Amino acid sequence: MTVETLVAAIFTIAIFSFLYKENPFYRAAEHILVGVSVGYYLVILVEETILSKVAKPLIYDRNLLVIIPAVLGLLMFARLSRNKGYIARIPLALLIGAGAGVSIPAMLWARVLKQMAASMLPLQTISGIIILVGVVSTLAYFYFSREQRGWFGYMAKTGTYFLMIFFGATFGYTVMSRVTLLIGRMEFLLYDFLGIIG
Amino acid sequence: MDLSRLDRRVIFVLMGLAVIIPILFNITTDVEITRDTLDIYNEIEDLESGEFVMISFDFEASSYPEMYPLALATLNHLFKKNLKVIGLALFSEGTAIGYTLLSEVAGRYGKQYGADYIYLGFRPQYVSAILGMGESIIKVFPEDYLKRPVEEYSEFSGLSGYDDLPLVVSIADGSMPIHWADYANARYQQKVAVACAAVMVTAFKPYFESGQLIGPAAGIKGAAEYEKLLKQRGIAHRRLFAQSTTHVFIIVMVIVANLAAFRGRRR
Amino acid sequence: MKGLIFTFIIWERLPVLIGTVICIAIFFIVTYLVKKKGIGKIRKVAGLAAVDEAIGRATEMGKPVLFTPGWGGDIQRPTTIAALNILNLVAEKTAEYNCELIFPTHDPVIMSAAEETIQNAYIHTGHPDQFRPDNVYYTTTSQFGYAAAVDGAITRINPATVMLLGTFEGEALILAETANLVGAMQIAGTDSTIQLAFFLVACDYTLIGEELFAASGYLSKDEKIISSIKAQDYMKIIIVILLLAGAVLATFHIDTLKEAIM
Amino acid sequence: MKTRLPIAICFIFGIFTLIQYFTSDPTMALIYAEILDWMQIIFVFTLLVGVVTIFKIHSIKIARQQNNWPYSLLTIIGIAVMAILGFTRGTDWGSPFLWIFMNIQVPMQSTMFALLAFYVASAAYRGFRFRNKEAAVLLITAIIVMLGRVPLGHQISDFIPRVAEWIIDNPSVAAKRGILIGIGLGSITTALRVILGVERSYVGGK
């Protein structure tokens, strides 16, 4: 067994121990995980972004334009101060504003128009009818200007059933994913760590 | 014994056994190939050797066990077809994993870094990264993961935007393919093929049905199907038996719980 | 001039442009109507009363309320904004009842926005001294680092109520089950459709998708949010009419409408 | 000033990026690409602020020797070790940075995720009941899909995977489309509120 396997196995078991109950072993692993992941993030961010997109263009290419976002970025640190926090709203506003601007056409095209067009199917087929009824009744469920009574109540109720089918199918698929992950970890413990050759 | 109030630790132990015992038997099962997996396979199969293809490692370290067989199968296909592979990551944790996987598989096919493939590394803020690459890939990634200017690699220095990429493949455990669809496909009509965690299938399905995304090869079954198409049976095939038994175990648990609750009510 | 405009616009994007203009128009008209004509009534979302009940319960038990917006959302996401709107109301209630409110998050920007929100709510209700900035904290950006940290927090502080409102991914069920383990009441709400399946099974109350947005409007009676919900409702009517027309036309092999939209 | 300036900035950048989508003007495209770059750079700084915050929280805990402070020490050591190794010894193949990532962080995170399999079992046992018709629909669909997506379902009957596929391609897609359209509209109106300065929660306003 290699050192790698031993280290990985110890931490794997520490996390699994949470299933029995919260314990010092898990708590230590939890805090190490938080620390290591923050450290990883810090290094990747500085190397991949600050160095390559701010420092190098500034030093080698004399690209003065990058000073603007860098200064705006530094303004974020105002958050750490008790009473100057509002300064950080300036870079935040740029992020949020530009983010909102690009999202409007993107959402409209990809989530609304494209999905509408894909739902306009000939009604001779069963799937054409089901898709239309499903989309319309689900939209009815999420219509808030009217109480769900009478004919509208029936429509919204139909929507609920479609939603439940969707959630059920999702549940099934998710079980599949989670089980795969567990099998992966168990294979590691059984094959690599304990050396039981299957 | 009141089965409807079973201690959850008992369930945990049973669940553990339901996974461990079948693994010990090491039985390999066969799979039927589905249309979804065939879609992504054919899309890659139809590319000409020497064409560029971008592969984005859009997953976190946590879903490594599920994503590993999928990434392996797709990478095997890309290198087998002699495509020029451009790797990148839109999740920070995918960065190191993507680089490790890419180097590992490229090595098996005797591919050279810089000539046959490059790894661009990671960019945060995926929306602006995806949109930015539509304008210029080199502007978003002036340097690769190894800190060398991308322009120094003669094979890749001519890259502009998505026009040069017949296909982007997103290996994803979360909703990143939706962002690829919402931004790269919506704005630049970029073709995006997806290999994803099983959990995402129902969420992505409308995008596949409407043609905004291609595929998906999903989960361990998708990986096994892909292995079968490539005629390289591997890790995904091996895991399918334990997968089946555990699904059955959960279904049995649900039935037992319902029967117990029903009996409790009648009393 | 005419030629200039002609080359200035990307014509393939015309349907999106028309759609955007319609959305903006509806948005303004509805905002006006809500303000002037008072049409701002929306139906009650099931499970909303639970928020009040949950905070009352926590106060009675003398235990804290834990509110977390999940992993995967950032500040510009509508879900996060809706969650912060609800957080504002929750904070006002906890301030009134003198109940401890804990808010861990994976995103530093959300952390600072939440800190402002909670602090303002405490000042607003006249209890600025009860606000504890240490209770609003950043864990780590890593998904399961965050999950491990919040899980640890739930088992250690033993809250009476756990509110999981925002954008959730894989960590959702871990948090919901751990909350159940310590006997906390769970109120969940998200637009992450995959996690909804689990919230529905594991939590006491679940707000589904857009209900989260509506809830923040219903609770706060805030005109700006109600106008948004109303505007969305009118857009839905248009969409349904187009869908029906499109399907009928497609039945007779006329795909003009469909192609016009794409 | 404290709220007006941010709202003005938000409006300018929002309107610009919105209009730019519809135009083919090359100058606007250049500015747009630059803005995208700025967003990435600013975003990185927000994360740095987060790192500083977490460092601060744990340092305070250690300094005041609060409850469980030795655990905070582990977090600080974790950050420091990764940062020092990453910055001095690089992140390439074979570096200690990558070693810790692959052998400590990856196994722990994937195990954390694998815990979900256990929680799925306990949640299913506890909450998956035939309480009403809706719950029954959810439950039955879940079982069909669980069986249909493994080879076993196929071995029992060809019918199961076919039904599973039909469900996913039809009623499930329909519901998801409804949700997508709804959320799309929600996002659009929220974005409009943000650009127009009506939504001010991020500046701490109402």
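By letter and in written order, the chains are A, B, C and D; residue numbering begins at 1 in each of them.
Keep this in mind: a contact is a pair of C-beta atoms (placed from the backbone, for glycine too) under 8 Å apart; a residue touches a chain by one contact, two chains touch by 3 or more.
In this text the structure is predicted, and so the values were computed from the model without any measurement.
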Farthest-lying chain, centroid of Cα atoms versus that of chain B: C
Most heavily contacting chain pair (counted by C-beta pairs in contact): A-D
Geometric centre distance via CA averages, chain D-chain A, whole Å: 2
Centre-of-Cα separation between chain D and chain C, whole angstrom: 14
In chain B, residues with contacts to at least two other chains: 8, 12, 16, 19, 60-65, 92-93, 96, 123-124, 131, 187, 198-203, 206, 209, 219, 221, 243, 246-247, 250
Chain A residues counted as touching two or more neighbouring chains: 15, 18-19, 27, 29-30, 33-34, 37-38, 40-41, 44-45, 47, 49, 53, 79, 92, 95-96, 99-100, 102-105, 107-112, 114-119, 132, 135-136, 139, 142, 163, 166-171, 173-176, 178-179, 181-182, 184-185
Contacts with 2+ other chains: residues of chain C: 13, 16, 20, 23, 75-76, 108-109, 112, 116, 139-145, 148, 156, 170, 193-194, 197-198, 200-201, 209-210, 236, 239
Residues of chain B that touch chain D when the two form their complex: 6, 8, 11-12, 14-16, 19, 29-32, 34, 60-65, 93, 96-97, 99-100, 103, 123-125, 128-129, 131-132, 135-136, 139-140, 145-146, 187, 198, 201-203, 205-206, 209, 219, 221, 240, 243-251, 253-254, 256-258, 261-262
Chain A - residues contacting chain C, complex: 15, 18, 22, 26-27, 29-30, 33-34, 37-38, 40-41, 79, 85, 88, 92, 95-96, 99-100, 103-105, 108-109, 112-114, 116-117, 119-124, 128, 132, 135-136, 139, 142-148, 163, 166-168, 170-171, 174
List of chain D residues in touch with chain C within their complex: 18, 21-25, 46-47, 49-50, 53-54, 57, 68, 105, 108-109, 112-113, 115-116, 119-120, 122-124, 126-128, 138, 142, 176, 179, 181-183, 185-194, 198-199, 201-204, 206
Chain C residues within the chain A interface of the complex: 13, 15-16, 19-20, 23, 41-43, 45, 75-76, 108-109, 112, 116, 139-142, 144-145, 148-149, 151-152, 155-156, 193-194, 196-198, 200-201, 208-211, 214, 229-230, 233, 236, 239-240, 242-244, 246-251, 253, 257-259, 261-262
Residues of chain C that touch chain D when the two form their complex: 7-10, 13, 16-17, 20, 23-24, 27, 31, 75-78, 81, 84-85, 88, 107-109, 111-113, 116-117, 120, 134, 137-145, 147-148, 156, 170, 173-174, 176-177, 180, 191, 193, 197-198, 200-202, 209-210, 213, 222, 224, 228, 231-232, 235-236, 239
